[in-house]
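Which chain is which? They are A, B, C and D, in the order written, and residues in each are numbered from 1.
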Amino acid sequence: MSQYRVLIDANDEMGLVHKISSVFFSHNLNMLSNSEFVDKENNKFFMRSVVDGEIDFKSLEADLIKTLPSDANIKLIDPKKKNIIIMATKELHALGDILIRYEAGELDANILAVISNYDELESLVSRFKIPYITVSHEGCQRLEHEQKIMKYIDSFSDVDYIVLAKYMRILTPRFVEAYEDKIINIHHSFLPAFIGANPYKQAYNRGVKIIGATAHFVNNNLDEGPIIAQEVIHVDHAYNWRDMQSSGRDVEKVVLSRALKLALEDRIFVYANKTVIF
Amino acid sequence: MSQYRVLIDANDEMGLVHKISSVFFSHNLNMLSNSEFVDKENNKFFMRSVVDGEIDFKSLEADLIKTLPSDANIKLIDPKKKNIIIMATKELHALGDILIRYEAGELDANILAVISNYDELESLVSRFKIPYITVSHEGCQRLEHEQKIMKYIDSFSDVDYIVLAKYMRILTPRFVEAYEDKIINIHHSFLPAFIGANPYKQAYNRGVKIIGATAHFVNNNLDEGPIIAQEVIHVDHAYNWRDMQSSGRDVEKVVLSRALKLALEDRIFVYANKTVIF
Amino acid sequence: MSQYRVLIDANDEMGLVHKISSVFFSHNLNMLSNSEFVDKENNKFFMRSVVDGEIDFKSLEADLIKTLPSDANIKLIDPKKKNIIIMATKELHALGDILIRYEAGELDANILAVISNYDELESLVSRFKIPYITVSHEGCQRLEHEQKIMKYIDSFSDVDYIVLAKYMRILTPRFVEAYEDKIINIHHSFLPAFIGANPYKQAYNRGVKIIGATAHFVNNNLDEGPIIAQEVIHVDHAYNWRDMQSSGRDVEKVVLSRALKLALEDRIFVYANKTVIF
Amino acid sequence: MSQYRVLIDANDEMGLVHKISSVFFSHNLNMLSNSEFVDKENNKFFMRSVVDGEIDFKSLEADLIKTLPSDANIKLIDPKKKNIIIMATKELHALGDILIRYEAGELDANILAVISNYDELESLVSRFKIPYITVSHEGCQRLEHEQKIMKYIDSFSDVDYIVLAKYMRILTPRFVEAYEDKIINIHHSFLPAFIGANPYKQAYNRGVKIIGATAHFVNNNLDEGPIIAQEVIHVDHAYNWRDMQSSGRDVEKVVLSRALKLALEDRIFVYANKTVIF
């Protein structure tokens, strides 16, 4: 007997839970946990269930499709390690936190590779027996640089998520579209405050008493993709911007790892540039 | 069209969601939100739904009873202002916070009365046109004192919750049993740390860096009832115990008001000396 | 024997603590607590001391002036209740929190009056025996409206702080300049995010996972004055903007009361559009 | 020109700041930051200064000793990397966090070695070129086991701190006394709640809504040494005790690293089984 995850979203109408649970029942599946949310404003239904039993995937999917409205999105998931690729530049705190979780067996993922435009982190990554690829951006156009990265990414048959662990370069629309809702970024501010460059300097100059970090999916508008997780810490006048940066790193790594965990557990719906998280 | 709350708990078995949602469907009720949790360890099922539609209470209840196992607890709730009685002693911060929310129309409750063993708070309470009853404990036995209070409480036909807003006296088993799962207390520590008298002095002496407060239902073991809500704040060496007490008051009032809100919204299941909160 | 507060800021130079503590010593004053901070970037020195002893104010001030560089700002404070005026509109949560603290004797202040452009809050305020003045903005120009308010404020001989407890109107430069570093506002967002109107709607539309509030001194650039205190709470997809607003109120009142307490305890230096808080 | 740290504690008397700052002034030292605290209850004075200038250590120390009361403790510190030894068992999250900070150059310390009673963590530690010593406790008495560890520790000429990064064995008084105020432990609960074994199971059984972690110096009463840092996170009914343990690990590592940072920056006074932290 195993546990499976079922994620369904659809335009709301009466009886959706009834219809879905009827299909589960007819397949002898027990619902271990179930979260449902209806966005009344947009008339949108979201449901995530964990079910217990022996599943015939094809037959279950066929029955759900038959029962649910045609606009419904249905995902049946047999939980297994997802494949992720990490992109970084030179900073190692967020990457390091992921590596330690990986080593501890806490991360339900295979790290296929770490890609960076510098080789500074190679020493660390290679200790964890993870391929490290340096794709230098020097002397090549942005598109050309990304094309090299994409070629490498696409050499893997199945990549679930691309995690930007402080990858400090802007991605082109072409790249972003190629991996829609698959790119998770950590931004070093409490978005939408301090969009753009040097958020800690901006925060210092503004004299804020709290700094934060935001993990979000990447879309074409820089720093404006759907937010997955945010966290903050208190600072005071004695912090210069480098102190804020240093304390901020602790928040960044916590938030990125939390967002990655939510993604790996299939808890996130992306919708209307927002996320529904169960 | 109105919204209703349905709370069901039962021993877990396959198909409960299916059965419940079938009944809702047959009554033309739309499930607006739904939270479900199965405690695998105790094989216990909990579900809270908000449904939308026109309800025939008797018929709906009959159908649910017919469909569900005989051990199931079923609550159909037409949300309306609940009736609460507040008990206090001399401290006004937690009581005051409730009064201001009441004045603002934020509290989905009628405050039937405030009962205290002193008259210090009468001036404040009477400004809000709420009956204030002083039942002095002086010169009378504990049981006699409580009997007077109970007589007053029982003079109301319907009391949903008794809120101990810093009522600084221990209640007897007789009192507690009379209002099982109806008495909400705020304890001025992060339980189970610093059980008993003078928690802030205990916390100061222990040199803690965080203090907290706990809202819980009262049962016969003092400070050991099911926890509803907890919150904390950071302190440091510069706080003496009175400073901790003063800062702690801010946490106490926040936690008590949060717990009361959860109760008024019918979000709490009490179970195995714990709470399930949706 | 009493306790006094001494606040000094000056351009930094070697020996300032030595000079100041020498003067204290020569006046037989014991330093109970002392906080010092040097902003190296701006070469600025800040110090707040609490001293214990019998003070001859004139003589102590004269000695400090003689000893310290001519640019130094020196404040000798005999702690006593400060005089505050509260400005509000219709919302009562932030005002109510202050009133309850006032009633509890927690607020080291006299509330001289509450001024509003509506009369909705009069009933509440009058219960606390505090003058309530309605200065309607209807049918009069902004400057004229403010002039009436200023006339009333200036009828008091000594006003230490003007607290905007959700006063929902923009103040003119004339008003702001008249009470420089005396006006404390609560803004219903985590500044600088969501500057301007309807921050909770903005936050909802952006899909943030945390909302916050900011207490700040008011200067001529709306929402851009020196920040005193900030706090946040977590929200999720199930919050619509009204839920965010409702939860946000709890943060707003906490932050405003915290900022007011810091001001009443003379803990804030304003400087370079920031605050140094000891 | 360099920065130095000066930590002084003494029985309080009038003029201590004056005396100390006079000595600094006579040595041409500028006070960059200064924190002072007087514990009135115990009549105890604490001060931590950062001074800037050229120091003649011997002469400065001599002058301070001459000036201050004979009971004063004076520490003049030329900030340099401290030497630490880490003790662990099998869990790698807290250790891993320290290793990543070490690799990032964030940790102002040399890690002399990691000692464990198992060899599970050797693979990880050796990747960071840090000596890993397995001292198995099997087949030997507690005192004998500790003696082996102490012998190894004492083979280093200078060990500033011993960090117990989830070292799951109780230390004997002999061990603790040998390294007084040098052993930093992370306890997996919000002390003093859930002292003893299996705190997450205890927390789960109590139905708490918040779990925490505590970093403290170790003294002879297990879990009762002076607290350095505490942090918490919210949990709910859906967490079984393993989920609490898993989430708790994130708090543990944060708190231990924070406490270690405070120690490495010489910010902690230990006193009356408490800490004063500047």
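FYI, a contact is a pair of C-beta atoms (placed from the backbone, for glycine too) under 8 Å apart; a residue touches a chain by one contact, two chains touch by 3 or more.
All figures in this text were calculated on a predicted structure; none of them were measured in a lab.
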Subject >> Label of the chain whose CA centroid is most distant from the centroid of chain C >> reply: A
Subject >> Which of B-D and B-C has more C-beta contact pairs >> reply: B-D
**OP:** Let me have the rounded angstrom distance from the C-alpha centre of chain B over to the C-alpha centre of chain D, please.
**Re:** 41
Original post:
Per the centroid of Cα atoms for each chain, what is the distance between chain B and chain C, given in Å?
Top reply: 35
Subject >> Residues of chain C engaged with two or more neighbouring chains >> reply: 33, 37, 40, 238
Subject >> List of chain A residues in touch with chain B within their complex >> reply: 12, 14-18, 21-22, 24-25, 28-38, 40
Original post:
Within the complex, which stretch of chain D touches chain A?
Top reply: 33, 92-93, 96-97, 99-101, 103-104, 106, 124, 127-128, 238, 246, 249-250, 254, 257
**OP:** Within their complex, state which residues of chain A touch chain C.
**Re:** 37, 39-41, 190-194, 206-210, 212, 226-232, 236-238, 240, 272-277
